[in-house]
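Both of the next two complexes hold chain A, though its partner changes from chain B to chain C.
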Partner chain A sequence: MNLYLAAFGFGLVSVSVIAIAAVGFTMQFGITNMINLAYGEVMIVSAYAAYYLNHAGVTIWVGLILGAVVGALFSFLLNRLLYAPFQRKGTAPIGMVIVALAASLMIANLLLPIVGFYTSSYQQDPGPVLRAGGLVLTTVQVVIIVLALLLMLSIHGLLRYTRLGKAMRATAANPTLARNCGIPTGRVIDAVWLITGALCGMAGVVAGMNSENFAVSSGAGYLITILAAAVLGGAGQPYGAMIGALIIGMITELSAAVISPEYKEVVAFGILVLVMVLRPQGLLAKRGALAAAG
Partner chain B sequence: MLLLAACGGGTNTSGGGLGSGDLLVGVIAPFTGADAGLGPAYYAACLPASLAINNNGGVGGRKLACKQFDTRGEPADAVPAANQMIASNSNLMVAIGCTSDEAATVAPIMDRSHLPMFCMTGQSEFNKTTLKYFHRLVPPDEFDAYAMVGSALYGPNHSAYKKFALVFGNDIGSQAFVAPATKAITALGGNVVINQPITLGASSYRTEVAAMLGTHPDVILTEALGSAGTYLKEVKQQNGSTIPFIGTSATIDPVWFKQVSDAIGIDDVLKYYSAVDLGFTFSGPGYQEFLTQLTASTSTFADAVKYKQRGSTLHLYDGVIMSALAMVATNSKDPTVYNPKIKEIANGVSGATVVNTYKAGVDALKAGKSIRFVGAGGETNFNQYNNSQQGYLLVGVDKDGNEVTNGHLTEQQTQQVINAGGG
Partner chain C sequence: MNYYVTTLLVYAGVDIIACLALNLVFGVTGIVNFSFIVFQAVGAYTAAVLSMPPDTANGGFQIYVGGFQLPFPIPWLGGAIASGLLAIPVGLVVLRKLRSDYQAIALLVLSVIANTVITNARPFLNGAAGLALVPPPLSDQIDPNTPTYQLLYVGVTAACVVLVLAVIVRIVNSPFGRTLRALREHELAASALGKNPIQLKMTVFIVGGVIAGLSGAILVGYIQLWAPSVWLYPETIVLFAAIIVGGRGNNLGAILGALLVPVGFEEATRFIPSLGPVGLVPALQWVAIGLLIIGFLWFRPEGVLPEPRRVFEGHPQAVGGDRGRTS
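Take a look at the complex of A and B:
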């Protein structure tokens, strides 16, 4: 087996998982101006919803759909019941970060007595292992890659070619002007939370499928990688998050092959720091889909 | 998350040197984080001990309670946890837990506060510790490493493995196994084909597994708590089958068993997994008393009974009982007085009466006898550094995760590996 080619294939899987999560996260920020630090916990809630369905004998692919629904509803309610009231009161951005952090801790600690601290696994058949050259991927991993591609294309289509997408971009660019132009920004923001929440939910399930084991404590780990991809690509920029996911996911796997697994996160986050030094606004700031309504 | 288990009813008081009011056992260990599976095993030690004591009059009438102090498995979080435990609880009798994750930082704090402790750390820095209140009922980690090498070379049902992959978490505790294992393997003619520290809690180890499989090892030696399931599943997927893996004594654990059996299937666990464990018999009056009280503890901690064959649970149960007996024996609540007595009760003095339960110990002390406590974990033999250790068993698990003894390392084999490793 060619280790580097294998690492490239594994990198594609990591990129796919990170991209699904990071695009949802960065869209939430780009359009609603909310750094949702509870994102990792919503992923875990969705992952557990799928887990219980899966362990009731239902295929994890149906669980994936349930995860998306749970993620969408949970995110929608999180915004309506918690974030939006604070934002309406004019809470400063740093205050909103603290609110999100509190939400994250509350969700995790409310979840612990229900699901326990034990790790959980889906009952899934990884399918035949596909080998091509040095690439070694299970069928499930290939499906995850294809799913991520479809979702990225869908997000692109949504933002570029639909009225809702254009309304989202207008709201992101200038919510007051958008409202004055007759765009129902409240409903647009609700739609954003539902759509990005669905991405978040799917990301949670896919991450659980990808890592074989997950637990309540996994949410914090997910969030670090998601934040890294989002910031690297340019906060609030969906295409930037895709590129960020590509860089973080690939470098993590390839550096494990080239240098040592011990240093794979050091290398990935080292590059993040380097980019931030050279280009503090991120790779695609002001040039992404949410920068201006077109 | 703090839980208070007030075991055995309300507060009794008594005068005299033992003081009055409830006594507390501080369970200072990871309850969250990557090593969150460790804390509950220690909490499960405290609960039956407190029941055994409280149901038999307490410590001079003082009831015992158990309280969790979460270190998150991080030294930075462990220090405030230890300080808070000591500062806010003047009734601490003993602390238990303090794993390799945090022992180096919290043990000196507890020692300065004259708090007797029973630590589940194998770090070699405690082999000749000067901390007077430190007690350890487990051998140093390197002895686990030696036992794993012994299992690979002399274990039953396989010929001696020659090519070793060392896959340990990159945390302090797990890495302590690597150097002694490498030295012993090399000295005994084996070959470490890869030493792979892995980041605990990562979402995947595919590239690491590909690199490891590329070295074609005969066996994997591992302690990657929290991540073994993910790693081994990827071994199975990429290799087409699991390869033999030998775990440390910490892998004899219900959480680890569930995670790994979920990941690779119970059949592969039964076929490919073996481990080493301390030489427990899981029998005798001391163990039976422990088991009875552990079963009764399920009303407080539903999972308690899962730890009925967890070595650390047995040891820490014994530690709490010995501490309580030391208080009774010295009729003192002052740890500077009863701490030295713990060793005497553990090792026994010439002519001491062997007791296996708290009640028997108290009865014997009241009768004016000196005692030696032989509890759930068997005999204790503290050396001058309050380190005690036993021999090793070669073990596996049954389909329910219960430990099954596969064989023993003879004294000669054990010594050979220890000498090879420079221990």
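Take a look at the complex of A and C:
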């Protein structure tokens, strides 16, 4: 029984990490219509930026901020220099997927010679162990959970109560109409890439802090978990991604306790297949993954 | 030297067959099959376990299912059939309801996960170590280490290339092929004319799977080993690069792409001296593959040999061909 309770605790942390990542991913898709398959690699780039700062003797919490900055700038430039020109050229969504996959391959392989093949880990002090009602978590894990909650609340506040958030929702619903109403969609999209990039970068560092180690090859696994959470919740729906993260994170951690940790991603994939067969539009979306009508 | 040439020829044949199949699925029909390499792998694994002795042989150093020691053509046919069978459930899940870009990511995820499962589940196909000592076809009758056998293998591979090319050219030029192009260009219009998009896509997906399986069977018979590390998902991207460089929808383009990218490019970079840290050259190869895709999609999306425009001959200057240039 204790094993399951422990798994539940790990699940909470896992949910937090996935939620930060999946909300960023799904906002990129929802607002800019871009399935950014390089997301996992940008997470890794940010994680390594924080790694070098951390190993220079700086605390990982400063590294987290650096990771957010690196993720934001990297995603912004990736969109400005690669995705946006192709989208302006009128490349079909399917062509964009190929471009994104090629970008992901390039980022991973440019990073490999720099950081090496070996796994890396942060120097961090997990802090005193906190116990509450049978749950046993380190201070770092509790901080990750609180951080994720704060980020989710800020995203909610941003989308719901600010002019920028309103402009983002308008751009997501109909970019042409939004532009005609005087919304500077170009700048809104820049803001989206900066904000989601920061989420992506933080997710990369937090994922590295939560697991014992990470490597360039972790990117593909991150991406699968994020895709599963985003598609489950309904792609393009930030609240859906939060629910998706909750379900995927909990189920994968509990299954790791029951079956074997090696199959975490397989379980995530199983959920993804079930969603695609039973409810392709996801839990929240009206359209989502369903074929476009025209 | 002679051995090098025959190896290169077999690789070229396998890559040409794979690119022709991918061109039918992706170039002609427009299905972005990011798990193409999985179908090649299934063909290879099936051919391997059909031709290998039971896993107690050789001191039982590897474990796997099957081990039927079947004579030559059966493992290859079995590999092709197994891939075709796999294409049915995959196609039913992926191709029926999903939007095209979701199909692509679902197939990409399948490719990553299939590799993870085979790597971790050792009793099934010997896990990460993979299968070794796969007997080459007809090795009980001819010694595989003779030049005659090498030439024979090249000949059989070439025969398969010709067969696959004949089948695919026939499909592409038939009314069925025209329907596939119509589907790629405008799915809604094609279905409005009474074509069933799901049935068409499923057919192509299965045909593509069968041919991919055959290419895997040919390859494993020659290299005699097969492991998860040779069918990681980026291998599919190499084939996509070949199709995009050669010319989407054009069979000659697919052949040219196969010769330029997987064969020519990898051979050319083989002679680069290893410099810098370990793994620098292979990593830069992958970067170059990515650049090749992005560069061609930007500057010449139709490829080196563009798909020929097909114009209905009855009406000169009529409504135009049955395809427009789209990306």
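One rule holds in what follows: the second predicted complex is superposed on the first by the 267 of 294 C-alpha atoms of A that agree within 3 Å, B and C clash if a C-alpha of one lies under 4 Å from a C-alpha of the other, contacts with A are read in each partner's own complex, and residues count from 1 in each chain.
Here is the rule we use: contacts are C-beta pairs under 8 Å (C-beta built on N, C-alpha and C of every residue); 3 or more make two chains touch, one makes a residue touch a chain.
Source: prediction; values computed, not measured.
Which of chain B and chain C touches more residues of chain A is settled by the count: it is C.
Of the two partner chains, chain B is the only one touched by A:Ala7; chain C is not. Residue contacts after overlaying the shared chain place A:Val129 against chain B, while chain C stays out of touching range.
Contacts of A:Leu112 after superposition on the shared chain: both chain B and chain C are touched. In the superposed model, A:Asn213 makes contact with chain B only, not with chain C.
Of the two partner chains, chain C is the only one touched by A:Met276; chain B is not.
In the overlay built on the shared chain, the residue A:Gly90 is in contact with chain C alone; chain B does not reach it. In the superposition on chain A, contact is made by A:Val99 with chain C only, not with chain B. Residues 109, 112, 117, 221, 262, 265 of chain A lie at the contact with chain B in one complex and at the contact with chain C in the other. Residue ranges of chain A in contact with chain C, taken from their complex: 35, 37, 82, 85-86, 89-99, 101-103, 105-106, 108-110, 112-113, 116-117, 220-221, 224, 227-228, 231, 235, 262-263, 265-266, 269, 272-273, 276-277, 280, 289-294. Put simply, chain B touches chain A in their complex at residues 1, 31-34, 36-37, 40, 170, 196-199, 201-208, 210-211, 213-214, 226-227, 229-230, 233-234, 237-238, 240, 255, 258-259, 262-263.
Residues of chain A touching chain B in their complex: 1, 3, 6-7, 10-11, 13-14, 17, 109, 112, 117-121, 126, 129, 136, 138, 207, 210-213, 215, 217-218, 221-222, 225, 253-254, 256-257, 260-262, 264-265. Across the interface of their complex, chain A is touched by residues 30, 32, 34, 93-94, 97-102, 104-106, 108-110, 112-113, 116-117, 120, 188, 233-234, 237, 240, 244, 276-277, 279-280, 283-287, 289-291, 293-294, 297-298, 301, 326-327 of chain C.
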